[in-house]
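What follows are several structures.
Two complexes are shown next, each including chain A; its partner changes from chain B in the first to chain C in the second.
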Partner chain A sequence: MAFAADRGVRLAAPVALVLVAGCVVPLAVLFVYSFFKVDFVAIVHDPTVKNYVRVAASATYRGLIGRAILSGAIVAVISAVIAYPVAWAIAKRVYLLKSAYLTLLLIPLYTGDLVRIFAWRVVLGSEGVINSFLMWTGIVHEPIRALLFSPFATHVVLTYDYLPFMVMGLWLAFESLDDRLLEAARDLGAGEVTIFRRIVLPLTAPGLIAGAMMVFVLVVGDYLTPQLIGGSSGITVISAINDLFGTAFDWPLGSAIASSLLIILGLLVTLAALVVARSTWGRSVVSGE
Partner chain B sequence: MTFTLRRRELLKSVLAGAAFSAVGPLRPAQAAEAVSWLTWENLAKDDYLAALIEKGGISIEKSFIGTDDEQFAKLRAGGASSVDLITPGLDKVEYYVASNLLQPIDLAKVPNAAKLYDTFKATTLGKKDGKTYGIPFYWGINPVVYRADLMDAEPDWSVFFEGEKYKGKLAMRDYALEGIMIAALYLGIPKDKMFDLDDKQLAEVKKALIAQKKLLRTYWSSIGDLTNLFATGEVVCAFSWVPPYFDLTARGLKMGMAKPKAGVIGWCDTLAIPAGVSGAKLDATLKLVDYLLGPDYGKKLAYGGPYAQSTSSTRDALPAEQQEKIFIKDLSVMDSFVWKANPPRYTEWVALWNEVKAS
Partner chain C sequence: MNVGRADTDGPRAVVLLEALGLAKSYGPVAAVQGVDFRLPVNAYVTLLGPSGCGKTSILRMIGGFETPSAGSLRLDGADLAGVGPAERPVNTVFQSYALFPHMTVADNVAFGLEVKGRDRNETKIRTARALALVRMTDMADRRPNQLSGGQQQRVALARAIVNEPRLLLLDEPLSALDRRMRKDMQIELKDLQRRLGLTFVHVTHDQEEAFALSDHLIVMNAGRIEQQGTPEEIYRRPATTFVADFIGGANLFPGQILATSDGAATIATAFGPVTAASVSGLSVGSTAALCLRPELLTPQPDGPILSTVRHVVFQGADWLVEVEAAERTVTLRLESERGPEPGERLAIGFDAASAWITAGTIATEAGHGVRG
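Coming up: the complex of A and B.
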C-alpha cells in the first residue's frame, strides 16, 4: 500500500508542477506586484498597501467589481432557468441522436467570440432582424435602439454564450437521475413542484453548481461582449484592469484590482460551498446519503 | 527525383564549404545584412520596400505590432535584442528612453532627416538632452468623421457635448488620453496647458465627459468596428481615424471629415533603434531609416496609406489632390494640431476616464 501511495504521489507530481508553474506562480507574481508602486515607467519595489487603499476608496472600482459579480449571478440564474428543461429533454426524452443534439448545442462555441457578437449585432441592431420585423408589422415606427448597445443586450448575448456550459452540467446530472424515484414520489402523492424541489433539484445539484460556477466565472471575466455589445455602459472591471496595465502603465494598481477581484470571488465560492454543505440536500450530495 | 551522396562527394562538399566560409569574410559587401523591423503591418508592404531591397546589401525581417503598448511591453520584457528598428508613437518615445531601451540616432547618417517638416524639427518629443531617440516617421490627424447624408452641417467638438439632436448616434474612441484632450479642447483650455490639468480643470473635464456619455451610442475600440457602425447607421458621427472616411466613401456612402477649429489631434509615429544594435547592423538599420524618410517610400505611402511622411522628400512630386488628401497641401494646418504627449498625471486621467465610463 505504501508503495502504491508513493507511486501515486510520483505520478501526480508532473500535474502538480504544471499547476504550480502555469497557475499559482503567475498569480503569485500578480499578487506581489500589487504591493509595489510605479514611478513613470519604473516599478518601485517598495512594499505598500496604498494600491488596496485606492481600490477600497474608489467608488468606481468597488462598483465595477460589484457589477461584475451581479452580472455573473444574473446570467447564471437565467441560464439555469433555461437550461433545466433543455438538459432534461436531452437526457430523458431524446433517445436517438443524443450526441447530435449535444453537438448542436456546442456549435456556437466553435465559432469564436467575435463571430457570435457580430451575429447578435445583426439580430439586435437598428437595422437588424428584430427591428426590421417589428417595423414591418407596424408594431413600432422607429427602431428600438435599446435592443443593442445596452446592458439588456449584453446580458442576452452573455446568456447565449455561456448557456451550453450550464446545459452540459445539468445534462450529466439528469443522465444519472433514476426515473423510478420520480415515479415513486408520484405514487406517494407528491405534486410536480414538490418532486422538483425535493428530488430533482437535490439530485441535479452537483450539475447545477458546476454549471453555475462555470457560467459565473466566465461572465465575470468576459470583457469583449460588454465592450462590443454594451455601448457606452459597456465598461467592465476587466477592461479597467486592462487600461491600467496597458495605457497607464500602472501595473501595481491593476494587480491590486485583479487580486481584490480574485479574493472576493474566492470568498464567494467558499461561502456558497459552505451554505450548500450545511443544507440538508447539500449534505446528501456531498456524502451521497 | 532521387538524390544520392557518396562519402567522397560529401567530403568534397564539406571541404568546399569550409573553403568558401574562409574567404567569406573578405567579401562582406556581397552578403545582405538582415534588419529586423517591428512595425505596423500596413507600413512594411513588400512593394513599399522594393526600391531599397533591389539595391542589395540589406534584407528586412518584419514583425508586426497590434498596439503601441504591446510594442513597449515586448521591449520591456527583453525583446529589444531581437529587433533592430521599432516604430513607437512620438509621445511614447519618452517611455522607452526612461527604460534605457533606445540609443540616440546619429542624424548625420540619415541625410533625409534634414528634410523633416519644421514642426517635427522643433518638437521636444522623441528627444532627450538634445539627442534624438525617435525620428518622426509618418503622421496624420484623428478628425471627426460623419455621415454627411445623415447630418445637416459639419460638426465640431460641441456635437459630442451638447444638444439632443444626435443623441444616441455618436461614438467616441475608448482611449483616456484623447477623450480628455477633446474635452479640454471643447472647454477652451489652451493647448500648451492641456497636459498639465489641475484638479479644478480635471473636475470640469469630468463633468463634460459625463454629459458626453449620455449622448454616445458607444465607445469604439477598433477602427474596423467603427467603420461597421457607420455603415449600418448605428453611428452618424464619431471622433475617428481617417480610414472609415476613405473606405466608406469608396463604397458610395456620403461621408464627411471635419477638422474642428478649436484644434485637431495629430499623431506621429517615429523610427527608433534599440540600445544594443551596433556595427554593420546599425549601419544597415540607419540605411533603412533613411530610405523610410526618402522619396521612394514616401510616394508609396502617400498613395497606399494614404499617409504623409514627416519629411518633405516626396511632397513636391505629388499632385495637389493627393497632397490635400494627406493634409500637406497647406502646411499651416499643422499649427492647429495638438500633438499627443504624456500627461504627468496620466494614471489619474485613466482613473477619471474609467469613472466617467462607469458613471
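Coming up: the complex of A and C.
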C-alpha cells in the first residue's frame, strides 16, 4: 500500500508542478501586488492594506462584485431550469445519434466568443431579426431598443453561452439515474412533482452542482459579453479590473479587487459545499450510490 | 391453448383480479397475445414461463407501467384502464429492488405513506411494523448500499407491503440471490403472504420456485397461457407437451390417438399402444404425446421400452439415468443401491395408471433436458 501511494504521488507530481507554476504562482504574485501602492507611475513595494479598505469602502466596487455574483447566480438558475428537460431528453429519450445531439449542443462553443456575440447583436439589434419581425407584424411601431445593450440582453447571451456546461453536467447525472427508481416512486403513489423533488433532484444533484459551479464561475469572469451586448450596463467588475491594470495603471488596486472577488467566490463555494455535505441527501450523494 | 382455466378454482374463490383478452404488443412484436385469468383473494399466484414468454409484460400491465394493447383488467370488479400506477392499490417488488439510494431503509419504507400524506405518527408506526415484519428493524438507519442482496430484498418487500395494497406484484424477486438465500426467502415470502392474507403475484422462470410458493400457477409460453391450476394438477396432468417438458422435464413419446373414452385415451407409441388418462378434447387420429415422469419409469425384465444406457449420475437420494429408447433420450430416476452401467441394455416398464396423455406435437426433442 505504501508503495502504491508513493507511486501515486510521483505520478501526480508533474501535474502538481504545472498547476503550481501556471496557476498558484501568478495568483500569489497578484495577491502580493494587492498590498503595494502606486506613486504616480511607479509601484511602491511598501506593504499596506489601504487597497482593500478602498475596495470595501467604495459602493461602486462593492456593487460591481455583488452584481457579478448575482448575475452568476441568476444565469446558473436559468440554465438549470432550461437544461433539466434538455438533459433528461438526451439521456432518456434519444437512443440513436446521442453523440450527434451532444455535439450539436457544443457547436456554439466551437465558434468563439466574438462570433456568438455578434450573432446575437444581429438577432437583438434595433434592425435585428426580432425587431424586424415585430415591426412587420405590426405589434410594435418602433424597434424595442432595450432588446440590445441592456442587462436583459447580457443575461440572454450569457445563458446561451454557458448553457451547454449545465446540460453536460445534468446529462451525465441523468445517464446514471436508474429509471426503475422513478417507476418505483410512481408505484408507491408519488406524483410527478414529488418524484422530481424527492428522487430526481437529489440523485442528479452532483451534475447540477457541477454544472452550476461551471456556469457561475464563467459568468462572473465573463468580460466580452457585457462589454459588447450590455451597452452602458456593460461595466462589470472584470472590466473595472481591466481598466485599473490598463488605463489607470493602478495594479495594486486591481489586484485587491481581483483578490477580493476570488476570496468571496472561494467562500461561497465552500459554503455551498458545506451546506451540501451537512444535508442528508448531500451525504448520500457524496458517499456514492 | 387455454386448457384448465381459472374455473378450476371452484366457485367459492372470490375473484380479486380478472384479465379478459389481455394483450400487449411492442411494435410488431406481440408479447402477450390475449390471455384470460382470474386471481382469487388471499392466494400466492405464480406466473411461470421461459424468458420472453410475456409474464413480465403481464405484471407491468397489472402494475400500470404498460398500457394493454387490447383487453381489460378488473380489480375488485373495477376496470383499471386509465388508472395510473400511483392510483392503483397495487405495489411492486422490482427485480432490481429499485431502492432509493439516497434514503435510509426507514425513509425508503416510509416513502409511500409520506407521499400519500399520512400523518407522521401513523407513518412512523406503520414503517416500524413493516420493518419488524421483514426482520429489518435493526437496519432502519442504514442505506441500501450497506445491505446485502437478501436484506435489500426484505426492504423492498417492506416498502411495498407498508401501503397495504390489494395485490403485491413480485418481478423475479429472488433471481439476484444465491441458491441458499433463495430457499430461505421462498419460505419467508410464502409465510408473509399467509400472515398478511394478501394476494401475491410472483413472476419467475424457475419451476422449482413456482412449485414451492404457489397456490395457483399460470404457465406461459410465447405470449399465451399454456395451463393454469394448482402445482399438483400442472405436474400430474400437464395440458400440453410444453408444460410437460417445462415442468419437471417429463419424457414425452409422440403418437397418434387410436381411441378415446371418458377421461382416457389410447395412443400408438413407438413401443406399442398405451391406454392412459388424458387431457379432454383429444380426437381420434390427432397427434398427441404420452407423458412419463422420470420417477415413474423402472427397469422391468418384460418392460416394453427397450433402451441403451447413456449417462448415469449419482444424485445422493437416487440415480439420474439417461437412456436412449425409440430414438429419443429418456430420463429415469432410480432409487436403487447400484446404478446401471453406461452401454448396458435396459428394458423399462411403467404403471399405465400413472401415465398421462397430453395434447400437442413435440417440436424439438422434448424430454432431452435433464431437469429437476
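Methods note: the second predicted complex is superposed on the first by the 288 of 289 C-alpha atoms of A that agree within 3 Å, B and C clash if a C-alpha of one lies under 4 Å from a C-alpha of the other, contacts with A are read in each partner's own complex, and residues count from 1 in each chain.
Here, contacts are C-beta pairs under 8 Å (C-beta built on N, C-alpha and C of every residue); 3 or more make two chains touch, one makes a residue touch a chain.
Values in this document were obtained by computation on a predicted structure and should not be read as measured data.
> Return first, second, both or neither, reflecting whether A:178 touches chain B, chain C, both chains, or no partner chain.
Touch partner of A:178: chain C, not chain B.
> According to the stated criteria, A:199 is in contact with first (chain B), second (chain C), both, or neither; which is it?
So A:199 only meets chain C here.
> When the two structures are overlaid on chain A, which partner does A:238 contact: first (chain B), second (chain C), both, or neither?
After superposing on A, A:238 lies clear of both chain B and chain C.
> State whether A:170 touches chain B only (first), chain C only (second), both chains, or neither.
Touch partners of A:170: none, neither chain B nor chain C.
> Decide which partner touches more residues of chain A, taking chain B and chain C as the two options.
In the superposed model, B touches more residues of chain A.
> So, A:78: does it touch chain B (first), chain C (second), both, or neither?
neither
> Applying the document's definition of touch, where does A:214 land relative to chain B and chain C: first, second, both, or neither?
After superposing on A, A:214 lies clear of both chain B and chain C.
> In the overlaid three-chain picture, which partner chain does A:124 touch, first (chain B) or second (chain C), both, or neither?
In the superposition, A:124 touches no partner, neither chain B nor chain C.
> Regarding the shared-chain residue A:189, is it in contact with chain B (first), chain C (second), both, or neither?
In the superposition, A:189 touches chain C alone.
> Which of the residues in chain C come into contact with chain A in the complex?
63-65, 84-87, 90-92, 94, 96, 98-103, 111-112, 115-116, 143, 145, 159-160, 163
> What does chain B use to touch chain A in their complex?
Of all residues in chain B, those touching chain A are 67, 69, 72, 95, 98-99, 168, 174-177, 213-214, 216-219, 221, 225, 228, 232-234, 346-347, 349-351, 353-355, 357-358.
> In the complex, go through chain A and note every residue touching chain C.
Residues 178, 180-181, 183-191, 194, 198-199, 202-203, 280-281, 284-285, 287-289.
> Under the touch definition given earlier, write down the residues of chain A that touch chain B in their complex.
Touch residues, chain A against chain B: 38, 40-42, 58, 60-61, 63-64, 67, 118, 121, 125-127, 145, 148-149, 227-228, 230-235, 240, 243-244, 246-250, 253.
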